[in-house]
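Two complexes, one shared chain (chain A), two partners (chain B, chain C).
Right, the complex of A and B next:
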């Protein structure tokens, strides 16, 4: 009997072995290796390195560059997430209504999300160019502005980048919310109507509570995605010039690893980012659990 | 369904385990048992279709001459080369042959990543290669790389716009139109007309190219990025003068308002379409852009190179040698084959075919090809004679120094150039100065301080990092 069970266990282990190898190889090993590198002075291409304890971390925490990057990353993430949610919700509510051509509009709404980031950035950099961009041309023609606004200059770069981030990623919010909106029981709206609730009250007291769990997941996912975003801030500043103004922690990690060749420091930044996101997830789940219990 | 049922769980596990063991066993066999095919992987920074085809022609010919050898090339954009090489070197798996940036050469050589290629140089002909290019990677009596071409960025002007504004563009391309930067600024003021969407000059905001401009100008202002003892010299007067020049261009709005976000390609389009009247980055590749955006103006009657002015502290102006050297990596298992491939690349017909793809930009490294009637008869050279002649003149006068190294050319021997250049610290401070967050002097001092910190962290003695060389 025991022999049979141990044989089964062996077979079981053998069956899950490929999955375990993949998980260890592609998740645990890179994370573990990054953590190890963060305690070394590894040069990006030199083979030799020394263990230096927490020196990379203490150096980073003492640098303005690190704190500015954290701050800029937070502004970018908060700005894009807030407007993605607002815009996504408005569009999802609109697309949940019946009207002619709804299928087409739904398809078009998803379009920005399907484009590669490089295409999105090139498109918007052209649209927003102060010298030949159509946006300024239209605004000037309408008399809204009298001289070209430098959308990609110092004053407006962060706002323009947030706008591009919102434009590209709000369809994700639309899809998620629309899926939930379509499954809300219409009886709830009927009951609210009978109780005398107007459209606004129905939205606040019926729609929003029904959306809250989806919104929670969407905000959590978008926070992870936007806080670790590399391509949008990097490409908007074309890898130089105003890069410092859009430098979040992923960009800082890249610059330290491939610019300064300080792979140890780059790894330390990645680990800090990793820990921050884990903490954020824990906080989110605690709030979620409390609210669910209520 | 019935087929699946036929296989027992035990049978399935036996099969999977057997396959895994067989696979592992095969990977442990000596290399020769797998196959007799040897391979060469080649990375280069010329990813355009035309040039890729020209390189492929060399690869195909090589495979014909060396049966059993497989050659695979990959064209990589210059901006992606650094990170890709870094990753491959960190993984211990670089290509056999690759272009590198000139300023990376000593860093790679010092770490033992590349091997000398003296016999390749000899096969091309030591005296046949332009000295400035040949000796770029000469270190301790060995050549460690060889450039694939020479391209010098020139100061180009819209001749028609200049003449309309009442300025005479000299016919003699060795005579400067302006003697100093101050004169150049006066000219730019005269031709800048924002209401017509026309600005005096283009300047790129992309970190790499902004640094390239500043490096070139610091030479023309009698300075350098590093002093004789390899100490950062950014805080000295010549570099501060360059920062003030950039600040003037920006503050007086002589360059387009969003220049800090402008890419290299965008800058070329600005110039080609007449949005700007001057560019100090006139690589021959722009000829293609001009042909595309302004085909009716594709001649030197409209787009003309002029000799650069010097800064207030300078006597001689400089341009860059944009000529990525081919190197062979020490990890290559087929170093001899790699050398043979390079020899074939520089054979007359193959090299001419390669140079032909962008003949104005890719000035040949060999004197024999530069003087070859077939090269000289290329239509692009007839179309842009001054462009090519001025590049040759800069090279002849030794006023062309490697990109990222800048004047003096011997600074290429500094082993931490790549780290400082690629760190972005120079451009960060330039931008902070342009935006008024720091004064020029303060920004310059900060670059030197930050560079010293990095140099120290890399293990070189500060001050006077050159001491590390003596120890070696």
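Right, the complex of A and C next:
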């Protein structure tokens, strides 16, 4: 019996072995290597390098460029997270109602999330184009603005980018919340109704407690994804000469590594980002636990 | 009471209209732009009626590297999915049907990879692949893509295998089937819809990626479509007809994915598997 067991375990491990090789070889090992590189002056192409201790970190912490990127990245992340959660929650509640054509509206709503980022960015650059773009045309026709707004210029670039980020990613929030909403027992609502609760009170006392956990997970995931987002800020800023305005830490790491060939510095930036996100996750868990106790 | 009902209905229509405009109109505009001749696009106010033409697509195929990018994307995404699904099928089968120590830990560890920023992975992967002389090769990027898509394909397939009743397999064992035969002739056919949905999903994730392709492929003849399209944008700037026709083609797998798994998605399928 014992023998059969160990044979089974052996076969099981054999089957999972390719997965482990790939995940260790291409994720865990590189992450460890990245931490090591952050303590070196590794050049992106030439192979020799030296251990230099915390020099990359102290250099970064003394640079305005680093703090400015941290700040711009935080604005981008906070803005997109806040609006996609709010919009996603409202839309999920709405799409959970039953009405004719709901399937179609759901389908159209989820679609932006499926699009490649490059398509999202090119499409919105075209829509928001100052001279020929339909957005300015519509706003002008409605009398909301009186002269074309330069949406991709210095003044509006961050706001436009946040809007584009929300457009692309709020369907993620909708999908996740909708999945939970559909499993809430309708009896709970009936009971609340009998107790005389109006729609708002039913939302606060029935829907929200049920939704709490999923909402927490979604906010956590979105925080990770938005703080580590590279393609949206990078592609929104190309061609405009306004890179600094949208330069978050991933973009800074990319430029240091592949623009200035300072792979050690690039690795250090990505390690800082990682530690920051771990700390943020701990804060989230603390807040969530407190909320859940109340 | 009637007033309340009317206003409830009205607000439903209002929300529907908002969503259809906000999410749908940009996509319609993309299609429409791809079919308009250049002259008419650069007119203000935008002209909705007038000429429609396929000339943008024709220019895309003859004047740019687009067909090469398309071929590269198909090869890279296709090979990644094949590798990915084979590895993940064995892995998920092991996680659901075998008993050994540390199984849960392994499963959770793969999910833990979500914590790492793609940029944190790609810098060392670039250096490692360079040492192996695998930058600017499809093999290198296929391996890198397999690693980033494997965690969620593994979790999705595990969920499909878990929902699949064990007694069918037990019946096969009684009939004298080996584990391998049971996997091949009972489990995989039964889980096929799930495997297909997962494959298409992995395909779209790889197909859409910009960052890895941007870093690992610099040779124009090796590039995949997202990077290629960005190159076309940078060299033409305002040729929106050309860019939108390219965008339409890049979007095709997303549309197919959508038609395949729309039902799953709308029912909130695989929430933990979403990435991006």
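Following the convention adopted for this analysis, the second predicted complex is superposed on the first by the 262 of 294 C-alpha atoms of A that agree within 3 Å, B and C clash if a C-alpha of one lies under 4 Å from a C-alpha of the other, contacts with A are read in each partner's own complex, and residues count from 1 in each chain.
Just so it is clear, contacts are C-beta pairs under 8 Å (C-beta built on N, C-alpha and C of every residue); 3 or more make two chains touch, one makes a residue touch a chain.
The structure displayed is predicted, hence computed values, not measured ones.
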Between chain B (first) and chain C (second), which, if any, makes contact with A:230: first, second, both or neither? second
Mind working out whether A:261 is in touch with chain B, chain C, both or neither, as first, second, both or neither? first
Contacts of A:208 with chain B and chain C, given as first, second, both or neither: neither
First (chain B), second (chain C), both or neither touched by A:154: first
Touch check for A:9: first (chain B), second (chain C), both, or neither? second
Pick one for A:277: touches chain B only (first), chain C only (second), both, or neither. second
What's your read, chain B or chain C touching more residues of chain A? C
Give one of first, second, both or neither to describe whether A:132 is in contact with chain B, with chain C, with both, or with none. both
Looking at A:244 after the superposition, I want to know if it touches chain B, chain C, both of them or none. Which is it: first, second, both, neither? first
For A:46, is the partner it touches chain B (first), chain C (second), both, or none of the two (neither)? first
Please report the chain A residues shared by its interface with chain B and its interface with chain C. 11, 14-15, 44-45, 47, 129, 131-132, 238-239, 257-258, 263
Looking at the complex, which residues from chain C come into contact with chain A? 9, 12, 15-16, 19-20, 22-24, 26-27, 29-30, 33, 41-46, 87-88, 90-91, 93-95, 97-101, 103, 106, 109-110, 113-121, 123-128, 130-131, 143-144, 146-148, 150-151, 154, 179, 204, 207-208, 210-211, 215, 225-227, 229-230, 233-234, 237-238, 240, 243-244, 247, 250-251, 254-255, 257-258, 262, 265-269, 271, 274-276
Which of the residues in chain B end up touching chain A in this complex? 9, 13, 16-17, 79, 82-83, 85-86, 89-90, 92, 111, 113, 197, 199, 204-210, 256-258, 260-263, 266, 270, 275, 418-419, 422-424, 427-428, 431-432, 435, 454, 457-458
Complex contact set, residues of chain A against chain C: 5, 8-9, 11-16, 18-20, 22-23, 25-28, 30-31, 33-34, 37, 42, 44-45, 47, 91, 94, 97, 99, 101, 103, 105-119, 122-124, 126-127, 129, 131-132, 134, 137, 141, 167, 169, 171-172, 175-176, 178-180, 182, 214, 221, 224-225, 227-228, 230-231, 235, 238-239, 250, 253-254, 257-258, 263, 266-267, 270-271, 273-274, 277-278
Complex contacts: residues of chain A adjacent to chain B: 11, 14-15, 41, 43-47, 125, 129-132, 148, 150-154, 157, 236-244, 255, 257-263
